[in-house]
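These are the structures, in structure tokens.
Shared between the two complexes below is chain A, which has chain B as its partner in the first and chain C in the second.
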Partner chain A sequence: MILGAGALLLAAVLAIVILLPVGAIKLVRRSERRLNWQPNDDGRPDSEASPTQPHEVSAYLDRLTSTLSLPAADAAEVRAELADHIADSIESLEAEGLDREKAIRESLARLGSPTELGDQIRAAHQSTRRLLAGAGGGIFAAGGGFVIGYFTGFAIAIGVFLLGAACVGLLSLAGVRLFILEENQNSLINSLLIPTAFIFAAAYATRYAVRVCAGLSRRAPRSVAVFWASTSAIVFGIWAIFGLSGPMSWPAVVAYLCVPIVAFTAAFFRIERPLLHVSRNAVLAGIGGFLIVILGAGLLFAATGSAESGNTTLTTIAIAHTQGPTRGSLPPDAPAEWVPQGSIMGGGVRMADTGGDLYSAITDQQAPVSMATALTNWHDLRFEAWHWIVSSGPNDAFGADTRYSSPAVTLPAEVHPTWIQAIFHLDHLRDQGPWEVILTGIGPDGQRYEIADCGGGMNTQFHGSVWDWITAPL
Partner chain B sequence: MDGKIRGQLLKGTTTLLVLTVLRDGELYGYEIAQQVRERSGGAFAPSEGSLYPALHALEADGALEANWRLSDRGPRRRYYKITKSGLGMLDAHATEWAAFSTGMAKAVGGAK
Partner chain C sequence: MSPEPLAAERHRVLGALADDSLTSLAVARRLGAVPAERDHRLLIPALHGLEADGRLTANWQPGADGLPHRTYRKR
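Then we have the complex of A and B:
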């Protein structure tokens, strides 16, 4: 049963990842033959005016063509067909005895107003059935384009990041250090991968939709572009701002906010030109190049990363601080007489199921002190997460970040019979950087004191949607 | 017959006339107009302005197929060919027209 469901899921994923893009590419190419055809393709005539065509006839056909609003191939066919008709008619009327000027005027008069004729021919081409086919095909092509764009964007983003990392690695080997790939920079890269891929996906989806819809509904790309630009901007904009959740940073927020703008402009940008279609050899070369970049970057990472980690370990061991930790605005340590020696111990653990961080305090298992006894002197117990500074050298300050006068997050302690706890969601804290959680309480003298240090973490990587980020407390 | 009255009577018959002349073979636009005129002894001639919208609409509906090829007179022309669906449409139009014209003849004859 589970195996069957798994096979179905795999088949669905394969269909989306392979069949949808392949079908979309075929549809786009077929549409582009209609939208961007070259003169004399498929035995069809040139749409340009013939040099032997009388000026009145050319002017008539120009006015007619300007009202057609059809794909290039269809407009050229209509123009050529009517040019043939007019030429036959002039020849016939001349054979009946009319002079050329009168024959031209009579031939054009028989066809009637060029704008009315153009409107009628356009209406004949642009039936409701074709419009529905265009809308359906556009949605399908948008799906395929989205998948292609997503993978393309992801590959480009990875390639750019890897190339950047490779350059940094090479420079590092040469003794030039631009920056060290620290935790925060990795978080930034993580947060930028998805929006970069999404920007490409939205752009591809919109352009594929415009082309296929125009081709199937027999409309000029520009006439359907406004609809698809607006629809894509709304759909992808809502999706990007409210629907996508993941690692977030200011650059990622900006990238996500660019999605609706990119989706809108992609519908119009060089719309009369065919899309870039790469040959099979180019695709193979691209995949090969991508693998080489990944392997090269991996090797460089392996070489520079091991050296880096060795240095870090040595540096950590070598640190002997010349001064104590900064306390900033932290409450003072609780007087020893109110906290029986070793009676309360703090600690923290990340909760995989909720994504939060559980910080708790327990009485020392080795000490004969119960939680009730340990808390006798205290009330209004709470856990406080403070911005922290982690030093990288003996002369560097460390401890509480003195730029902050209050904790980033404060949570009341849940008191249980044998422990007290609070669950922090620091992944919804926009500021990135180390933090430390302490347990505080109001002592017998009415002052707040730090009772126990529960440890902390290296950064507060924000997880959530753009909307979560915007509405998150500062 | 007065041209204005004829034009009104011909309204809606362009499809039937076009499909009828194309039943016997492929023709291009100007030839279709000529054929209609010749077959009716000059009595009917679809407006050239309405001929092409009708041809393109029939093509969009699948009643006609069109392709470019060299004409007997030399230059390339867009030839129209009736399809199986077009033949069905012709039968339906012809039956409807026969019933309409018979009824009209009876009504007009009765009025005399």
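Then we have the complex of A and C:
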């Protein structure tokens, strides 16, 4: 049963990753034969190149063509056909005895106003059936273009990252250190990968949709571009701001906010020009290589991650320091006489199911007393998350970050018979970095004291959508 | 322009084509017997509309003069 579901899922993924882009590319190329037609592409005459065409006829055809608003191939075909029709008509009227000037005037008069005829021909070409085909084809092509753009963007982002890493490595060898890459570089790179891929995906989807829709519905690309630009900007904009959740940073937020702008612009920017195409084999080789990398990474992750799935204990890395931690604005330690020695211990655990961090304090397991007894002297108990400095060496400063005079987050303690707890979502804070969580309470003298240290020290990174980021507390 | 004259023209064009493969002017000549001074302003839109609807096929074929002409044929 599970195998069957897995096979179905794999088939669906393969269909999306391979068949959708291949189908979209075929549709785009078919449409581009209509959109980017050049004279004599398919053996039909080029009416504009005829030296014997009377001036009146050329002027008539120019006015008619300007009202057509059809793809280049259709407009050229209509012009060539009408030029042929008029030339034959003139010849026929001359054979009936009219002089050439009268024959030209009569032939053009029989066709009526060039703008009215152009409108009629355009209406004949742009039928409702073709419009529906264009809309359907545009949506399909947008799906394929999205997949192609996503892989392209991801590959470019990875390529830029590797290039940047190589440059940084070379500069480091030369003794140059780049300040911007010294802090949180992994978090920043992580947060930028998806928006970069998404920007390319939105742009490709929009351009594919415009080209295919124009070709199938027999409309000039710019006449359908307004619809696709608006639709793409709204759909991809909402998706980027509310629908995508992952590592977030200010550059990533800016990149995500660029998605609707890029999607809108992509519908118009040089849209008359053919899209860049790479060969089918190159696309398939790229997709195959990407799948192998993803599969390899997945297997590696499964092999290394399975042993430590579930909850993760949050503790500060133990380093033998030559000096004590800085306390900054932390509340003072509770006097020993108000806390039964060893009766309260703090700890933290990352909850795999909720994504939150559970911090708790328990009474001593060796000599259990009820939490109510242990905390007789205390009220207004709460857990506080403080910015923390984690040292990498025994001589480095560590402890509370002295730049902050108050905790970043405080949560009231949930009191249970033998433990108290609070669940933090530190990955929903824009301010990243290590944290330390302590249990505090108001003692008998009315002062707030630290009752227990619950640990922490883990580096956090914001996880959520752009909207979560914008609305998150500072 | 109201759609009725165009619909009527489409009907006449289909009747004029029979099973032949004709250029737009040849179609006009077949229809021209009705009014001598017949105008062609509905002819091309009717032909293109029938082609868009799948009732006709159109191809560029060399004529007697050796030049390519667009000819229409019933499906």
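Please note the rule applied: the second predicted complex is superposed on the first by the 396 of 474 C-alpha atoms of A that agree within 3 Å, B and C clash if a C-alpha of one lies under 4 Å from a C-alpha of the other, contacts with A are read in each partner's own complex, and residues count from 1 in each chain.
Following the convention adopted for this analysis, contacts are C-beta pairs under 8 Å (C-beta built on N, C-alpha and C of every residue); 3 or more make two chains touch, one makes a residue touch a chain.
None of these values were measured; they are calculated from a predicted model.
Taken together through their common chain A, the two structures put chain B and chain C in a clash.
Shared contact residues of chain A, touching chain B in one structure and chain C in the other: 42-45, 77-78, 80-82, 84-85, 88-89, 110-112, 116-117, 120-121, 123-125, 127, 129-130, 218. Partner chain B is touched in their complex by these residues of chain A: 42-45, 77-78, 80-82, 84-85, 88-89, 110-113, 116-117, 120-121, 123-125, 127, 129-130, 218. Those residues of chain B that touch chain A in the shared complex are 28-30, 47-50, 52-54, 56-57, 60-61, 67-69, 75-78. Within the complex formed with chain C, the chain A residues making contact are 42-45, 77-78, 80-82, 84-85, 88-89, 92, 109-112, 116-117, 120-121, 123-125, 127, 129-130, 218. Chain C makes touch with chain A in their complex at residues 1, 6, 23-25, 28-29, 38-42, 44-46, 48-49, 52-53, 60, 67-70.
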